[in-house]
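A, B, C and D label the chains in the order they appear, each numbered from 1.
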Amino acid sequence: MTRVVVTVMPRSETLDPQGQAVAGALHQLGFDDLGDVRIGKRIVLEIGGDDPVGQAHAMCDRLLVNRLIEDYEVDAG
Amino acid sequence: MTRVVVTVMPRSETLDPQGQAVAGALHQLGFDDLGDVRIGKRIVLEIGGDDPVGQAHAMCDRLLVNRLIEDYEVDAG
Amino acid sequence: MRTQTLPRHRQLGLTDWEAERIPQLLGRDPTDTELVMFSLMWSEHCSYKHSKPLLGGFPTDGPHILQGPGENAGAIDVGDGMAVAFKIESHNHPSAVEPFEGAATGVGGIVRDIIAMGARPIALLDSLRFGELTSAKSRFLFRRAVAGIGHYGNCIGVPTVGGEVGFDDCYEDSCLVNAMCIGVVAHDGILRAAAKGIGNRLILVGNKTGRDGIGGASVLASAELSDDEDKRPSVQVSDPFTERKLMDCCADLAQRGLFVALQDLGAAGLTSASSEMASKGGLGLEIDLDRVPLREAVMSPAEILVSESQERMLAVVAPGDVEAVVAICRDRFDLDATDIGQVVAGDRLRATAGGEIVVDVPARLLADDAPVYEVPQNPAPAPTPLDLAAVPELADLADAWLELLSRPTIASKRWVYQQYDHLVGADTIRRPGGDAAVVRLPGTNRAIAVTTDCAERHCQLDPRAGGAAAVFEAARNVACTGARPAAITNCLNFPNPEKGHTGWRLAQVIAGMSDACLALGTPVVSGNVSLYNESAKRMIFPTPVVGMVGLLEDAGRSVGHAFAQAGDVVLLMGTGEPRLDGSEYLGRAEGHPTPPQADIEVALCRFLADAADAGLLVSAHDISAGGLAIALTESAIGGAIGVTTQIAPAERHDVVLFGECGGRAIISCRPDAEHHLRELAGDLSAACLGVVGGDEIIIQVGDTRVALPVAAADDAYERAIPEALA
Amino acid sequence: MTAEHPTVAVVRFPGSLDHDSAARAAAQAGARVVPVHHKDDALPAATTAVILPGGFSYGDHLRCGAIASRAPIMDAVRAFAGDGGRVLGICNGFQILCEAGLLPGVLRPNRTLSFMCRQTTLVVDDADTGWTGGHAVGTELSIPIKNHDGAWLGDPGEGRIVLRYDATNPTGSHERVAGIANRDGNVLGMMPHPECACDPLVGSDDGRVLFDALIGAISVEAR
């Protein structure tokens, strides 16, 4: 089995209300020197076979990512 | 401003219901050669000042991470 | 680390005396695995060793009681061959450590108790206590606990229809999170935990077993919280999705008659479930630990036996049905179901791992033979009387009124219940925000009214009267909806009973609750005890939370708390002597609250239910925290309409407006119904208070007129909690 | 049988919660309700309308509605919708329809970032889809919401807005969208729960219009 990491991020600010809320909360805690905050997902999968990265891309296509609102990257290891 | 990436994952011995549900769904879609799936967060922050990484650690401590159930890593850039 | 040097049994929380007793009972030294099991089963949380002798005082019998305390939940007859099963439980200590997951898994735990009765959960309530919202820590705990309860309840599709929240500094270090669940089941569908039938198989259904909360709930809940990191178990993460599947799956299997017995896995996990099933059934059980599905690559037998992984149930199934059960779990519900052992002759709980016997003890020793301790009975001195002269009488009563409305304990709890799905099932007839919630029993025209209540300041000052007051308040809340109080469950949240006056207070509260239950004919069918809710700095008030269920024959006859139309007559039903002692207006536990009057409470409840049956009530609302002025305000806000009232003066206006006592409710009716209602009331006092209408709440006390626009009152009432949290 | 009692399939996924009340509401409107399991690959032969009920299918994990939208039964639902069959997705059912690509847009967290359970006022915005009975544009309906991810976001031009929230727009939905249909109008997704508004005793019966429409429209087509 190979460890493959899929990173999924919201495509735009409007699509990331959670990131905005967290930015607001951090400001309230006194972290002033703070710009944009984006929150996405990190999915760590153990995949077998010859082409784990290819498989991961297929999984993103079929289920893991909604391309209307999200971008993604696949990294082996 | 420096771009700092915080990765937050469920601690290895805690249950990850989300990862479990996604693993089940991928199996049903025919992805058979699949082991464990764990899902966490990827938080991308723009931080100013001299010590953005130190600041990010402080943010994790104060808000971003629940140390009881999550582990985290901070990476600059 | 300091604990490394302690003897093993002390590390596990057993006293020296208890550790000596185990070999005496067992006839040999326990194995280490057995010692771990004893330490959990003999903890306060699992064994009730400090409270058991006192709990025996509760009345538990009645013609409508199908199952009293002792099973996973109590059950009462609600007619037509149907029963309602219910219980309340605390998850205080886990919630103090991790409020979201602690509160969420608390809901999960009580729901599984109801599932174990073979019942379908139809409603949840939550009773919460935190420190004042001026404390950042309490704000955090409050916010996260509410989110956790909502997350779990919403996700499993059981409506959270009611509850209560109170704030006082005494809860700053020990928040309280109690959850109550109610389910429905046909009489002949009620399941019990006792193992039956030698040769029957043990099937473990649900989540895999991991290192969750090892030694957790039970050890944590059995000693005061310290900063001792070693005692912190790995936190249980809630998995409501699996719980819902478990709920559906168990309902399906129960329907097909495939369960011989059923038990949830809660504190002390498999150890507690299996020893209780064996002990109740008077039979032995054999478990092969190698078959338990694990989440970790390696776990020791002791870890497997005491893991508190959530969302698991243990079933006894006939050998011929095992295949069908496993197939249904897997294929229909995507759930693991594993045959892990069997029912055997004898009385022993035996566990094997790697072919070796690692546990072999009489189940009863674990489940029933924990030592029992009498807690010291040191009566607290009577509280000093309240010096009214030292309580300044505010010049501007309307100001005091508004201020009281915006105290978090009194203010609207909309911020809380709006985060809970209180409608799923489409049977919620009276939503949160009034007195009790009313939920129709699925597929019938009957309904239940449900509420949780407590009177903790009263309990602190006068525990016997306070215990009774809590039960009577619950009964009034139920009766205001038109329901007849039927039975209660309760959660006794107390400080360390081995210290000070706590043991005595515990006994007094139980006696007072029992007095009230007897007077009302509402036995105790289930309950839970949470002790050691104190820190070095603070002790909680005795907080016996009462969860009451009442019955309505006709769901269409239920009554709400809101005024409805101009011209309706407002009556004050019942009598009592309002005092500021221990009141919300006073804001502290001081003085002598008015003791409850059982005969008036009983008559008031009967009147309210009769009046609702006769269709004579437009609204009914009980008078509790904040007194008459607050009750009137809530009815006015509820209907977005004003009211004009006149009240006889007493020595002080603030006592009349904000003084508290039991035995009273405000009703409104059409003018032509007043005569009928007075007839129904008989000897119960029915004083005319005034008339509904306008857009102000006007209270004329003697020749002093106090008034608040409904809109201003509503604003203060609704804004308080969101603003305290902002 | 089918003329007076059209068959309505109510699809049940793991974590569906409102299937029983939706079935009750459809039956009240005169339907013969048939429960359908998510692993089935066909709808019952006589199916004349489909309901995807509310709930937290698959625990709302990953993205709400995402996992359910890939269930075996969804191919049959897609084909049924493609043939012009009526499909009503309520709350999680709406989320599933968006994830399945049968409706435009996505549902994002409410503006409070918390779960929200309350009565809402909806306004009919398109009276020509057959989903709102004879109610004219501007008619108000009182129907509750109960969701966490209820803010619709997308291009309204890709469908037909059937229901909007009143000015309070509690979830913070784009264009105040409460319910949107596909261009053909036969597939409707809505966040509010009409099945929780079919009985004055539980607060309102304004939701009946949607179940009547589900049946009424069918009886017209069947004739």
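Quick notes on this one:
Heads up, the rule we're going with is that contacts are C-beta pairs under 8 Å (C-beta built on N, C-alpha and C of every residue); 3 or more make two chains touch, one makes a residue touch a chain.
All values reported here derive from a predicted model rather than from experimental measurement.
Between the chain pairs A-D and C-D, more C-beta pairs are in contact across C-D.
Mean C-alpha positions place chain A and chain D at a centre distance of 30 Å. Chain centres here are Cα means. That of chain A falls 40 Å from that of chain C.
With centres taken as mean Cα positions, chain D sits 34 Å from chain B. Shared contact sites, meaning residues of chain C that touch two or more other chains, fall at 239, 241-242, 334.
Shared interface positions of chain B, defined as residues touching 2 or more other chains, are 17, 21-22, 25, 29, 39. Across the assembly, chain D contributes residues 58-59, 61-62, 67, 70 that each touch 2 or more other chains. Pairs of chains that satisfy the touch definition comprise A-B, A-D, B-C, B-D, C-D. Interface residues of chain B, counted against chain A in their complex, comprise 1, 7-9, 19, 22, 25-26, 29, 31, 33-49, 55, 58-59, 62-64.
Touching chain C in their complex are the following residues of chain B: 10-11, 13-17, 20-21, 24, 66, 68-69. Across the complex, chain B is touched by residues 97-98, 101, 207, 210-212, 232, 234-239, 241-242, 295-296, 309-310, 334 of chain C. If you check the complex, the residues on chain C that touch chain D are 147, 150-151, 154-157, 239-242, 244-245, 332-334, 417-429, 431, 440, 442, 555-556.
Interface of chain D with chain B (complex): residues 58-59, 61-62, 67, 70-71.
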